[in-house]
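Next, two complexes with subunit A in common: one pairs it with subunit B, the other with subunit C.
Up next, the complex of A and B:
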């Protein structure tokens, strides 16, 4: 199968995206892969598979690689005599800003390029944690209570300590801190405000169980991965989550009752349906007293959560063959024609 | 990392800083040199001295801290002081490398750690003097375009306010300030430093009443692999302040 991996992006998670792309190169080894790197200046480069190493990008070697432009239905490489087209389906693997905020979705939709990844509306509701809360109330899914803080308006937090403070628009755990007492609050706020002007404050639930489920829609059916109980050391910070790099080994299925598993999967499907079609997403849930709460949606999970799927290549292939088609309006000029004929011209 | 907005002379400066060991009671503030940033300092010193609360600061115009106005060294000290007030930090120990050493000195901490510090005026060599005369002559002939061949490595690619700032802070003589400092000073120097030569260290040692000098192998950045030993000396120096 032909697949173009699009990675990088002008995002705090730029480097994680590079790690994800390198992992997928190994995980999708039987595919015919093309690698397209988007640098922080929004230029696209064609990267040879053999150059897919973290150093390539940190040393700016990509600048010497062929630059691509985007055209209707494909990426193109211009040369002296015409242009080479790269037409395969794109896997949007840009985490965070650009990739998950709807920018890349809009770009690919506009140029009629088929892609795996969240569509614009799905991106909007999963990227900004405020809108995920709204989505939860609209879809009647439980989520942890929260308060909003903005850099502009001073407001006191009424949730009792310990609380967890998160930038509203960042994936992974960048800028997130747990605040146990007031003396720690100021630094935690400065840390989070470095990344976003809007913060979410939630109670930090001690001893909560956390479960992750990934899944995708193919052949009109939602396919879910195994349920994973992520290893956590209070909570996963950025380094633990990603800097053990690939997370490519298979993980064990969480030891939970069939009833809880059913409940988690039902919640996943409720979130996914009629919004995330075309994407492979991972939802992170909290379970408190048998109740399932949505913590966050990762519409482009790190390394595409490959470790949760038994047949990852088969899953991606099935998803690629069931992508939704963006309907494009056909402009017929009927109205102008009818006016013209009425006027007898 | 964290960001704090500081108001200074009708300008807003976003100061990037990072705290390590947040619950320790004694503060160690670490200031980097010209053209450097807090990460370099953090990489060297964060594994050591875990009884101190380490505060790594990006000086205005460097790392992730912003700067859109021209500053003098005293302004730098005042801005760092304002940040310290905001984050409730005290002047127990301040470590400064190179340019950061001058800022540290003006903050007058209890323990001043100068790592290859700037602040002693070194007369320009004949070569540099000739270069300046040559460029000034070229300028008369309208060849100012050749500036990049002449301008100091540290001044290349600087924004206009930062270039003005650079001209302000370079070649300052802080002999009087060194003499006026009344706390305990620990001087750490690389023997083959060419940016702030070892002779500066001897001069500073003479100027400051209570100063100890540790000389190491290495150049201007010798501390990067000597942080372990420097840290031990810092702890020792700090303990001495408690004896009195």
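Up next, the complex of A and C:
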């Protein structure tokens, strides 16, 4: 099947999006893939599969490639003699800003391009960790208690140490610190405020178990991956996560009871349903005393969490064939006509 | 000052957006206005001020006008000899779908065009009435209790009659019915399900007082309009609201106690802050036994609620000069460089 991988973006996660795209080139090798790179200036470039290497972008070689514009139903390459259209379904693989904050979703919706990825509302509820908390509370899903911080005021933090400090709107552990005592707080706050004006403070749960589940909706059913217990070293910092985005080897199913597995899957489905249709997402959970807590939602997980699916190509194909139908409203001028005829009387 | 009025959209409220734009032409007469019409196929047209009449659009005359495309920082009109750029700040005046659901916000953000209007997240929380309820609960603002309905099942409604049935995602009273007894339910549900797959059911509060407040943030302060007690006839149906979108006469301040006025303003500010910056919004409240309940948020109110402001042109100018700064992330290739050099060792 035809699929356009859209990657890059003006995001702190720009580089890992490139790594994700390179990984997917290998993992979706039976597909007819087109690669569209969005640079930091929001220009689109058509990248030949053979040029899909990290250095292409870090050395600015994409600037020599054909520039594309977005148009109704496709990306187009204009030339003196007309335009070539790239019409395939898009896989939105832009991590972080642009890709996960609803911008790309809206752009593709506006231009009637079918895409795999979170819709505008799903993006808002997963991109901003404050809104993920609201989602949890509305859907009755447990999440770790938290405080918000919008200025560097120590006394506004009432959660006892150790705490974890995160920018509200970034993924991939960027700007995140574990703070064990107050003396470490200033540095952690300075780091996090570099990335966002609003921070989330949570208790750092020592020895907590972590489990990840990915899944997607196809043929009106939610299909879940295996449950993974991610390796961890306190928490994955950006560099480790970066490597993580190039993952392609299958992982082993977590060694958990069927009851816990069922609980994790049930939580995943509760989050997914009526919001994430069209996307393949990964939810990261904490388990404390047998209770499942949502840690975060990755609406465009690194390398699409391919390593969690037995038949990854089959999963993407099924999802691509079950995308939500964006209904375009048919405009009428009934009221204007009736007003005009009333005036004419 | 220069301002581009963007109106139309593929929305059930397409026609009232035209009416709003015509009204604003008169109310912002000291501005240097450009009119950009978005038709139902998401094509943009440049409309001469003298052609800003309802019949222009209902008679498809816009199709003869210059077509614009959206580009980095502006709308452009391409010709054989180059392109003319229209760079002014945009006032997003597309009511309903496209304008209020975050699509236009994302489009303007992506193309780095400054605009008056709700940002993506603010749009999501006001467009979908379910998410407005979540917002209320997170910000501790009272709202009327509700039930959700996704199928025509009478017994899923446990709120006693009379109830009000609304599509979750439409404004301007489209598809809304008051149901006094069960015999009227089928018709109301059929009507509402024509517009949305999810309905909101609320108790219909007989004899409740209604008050509207509009406002915007400028120079780091929220500026509120007078409080209005809207005329009502059970509730405004679409045709009456339609006329309402062309309102331009000043209204009288509601005859309420200073304490109630203070309470309404305080609720408005609580809703606005940290979410609606960049927009001029109108909040519609109910008052029951002295308690204030949010009914709905209009993030792009009809004719921008000009009739509620003493100095409407001054308000729009102040807002246009205080728009949120969309920070574009600066991309680096540090990790790719460090990986490449590590490989080279």
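Everything below uses one rule, namely that the second predicted complex is superposed on the first by the 330 of 345 C-alpha atoms of A that agree within 3 Å, B and C clash if a C-alpha of one lies under 4 Å from a C-alpha of the other, contacts with A are read in each partner's own complex, and residues count from 1 in each chain.
As a working rule, a residue touches a chain if its C-beta (ideal position, glycine included) is under 8 Å from a C-beta of that chain, and two chains touch if they have at least 3 such contacts.
Source: prediction; values computed, not measured.
J.: If you stack the two complexes on chain A, which partner ends up touching A:64: first (subunit B), second (subunit C), both, or neither?
T.: After superposition on chain A, A:64 lies in contact with neither partner.
J.: As a test of reading the superposition: which chain, subunit B or subunit C, is in touch with more residues of subunit A?
T.: For subunit A, the partner with the higher number of touched residues is C.
J.: Can A:329 be said to touch subunit B (first), subunit C (second), both, or neither?
T.: Once the two structures are laid over each other on A, A:329 reaches subunit C alone.
J.: Could you tell me if A:154 is touching subunit B, subunit C, both of them or neither one (first, second, both, neither)?
T.: In the superposition, A:154 touches no partner, neither subunit B nor subunit C.
J.: Tell me the contact category for A:184 with respect to subunit B and subunit C: first, second, both or neither.
T.: first
J.: Is A:106 touching anything from subunit B or subunit C once the two structures are fitted on A? First, second, both or neither.
T.: second
J.: Residues of subunit A that sit at the subunit B interface in one complex and at the subunit C interface in the other, please.
T.: none
J.: How about subunit C: which of its residues touch subunit A in the complex?
T.: Its residues touching subunit A are 10-12, 14-16, 18, 39-43, 54-55, 57-58, 72, 97-98, 101-107, 109-112, 120-121, 123-125, 128, 131, 133-135, 137-138, 198, 238-239, 242, 274, 328-337, 339-340.
J.: Per the contact definition, I'd like the list of subunit A residues that touch subunit B in the complex.
T.: 184, 186-187, 190-191, 193-194
J.: If we count contacts the way the header does, which residues on subunit B are in touch with subunit A in the complex?
T.: Counting only subunit B, the residues touching subunit A are 1-4, 16-17, 19, 22, 64, 87.
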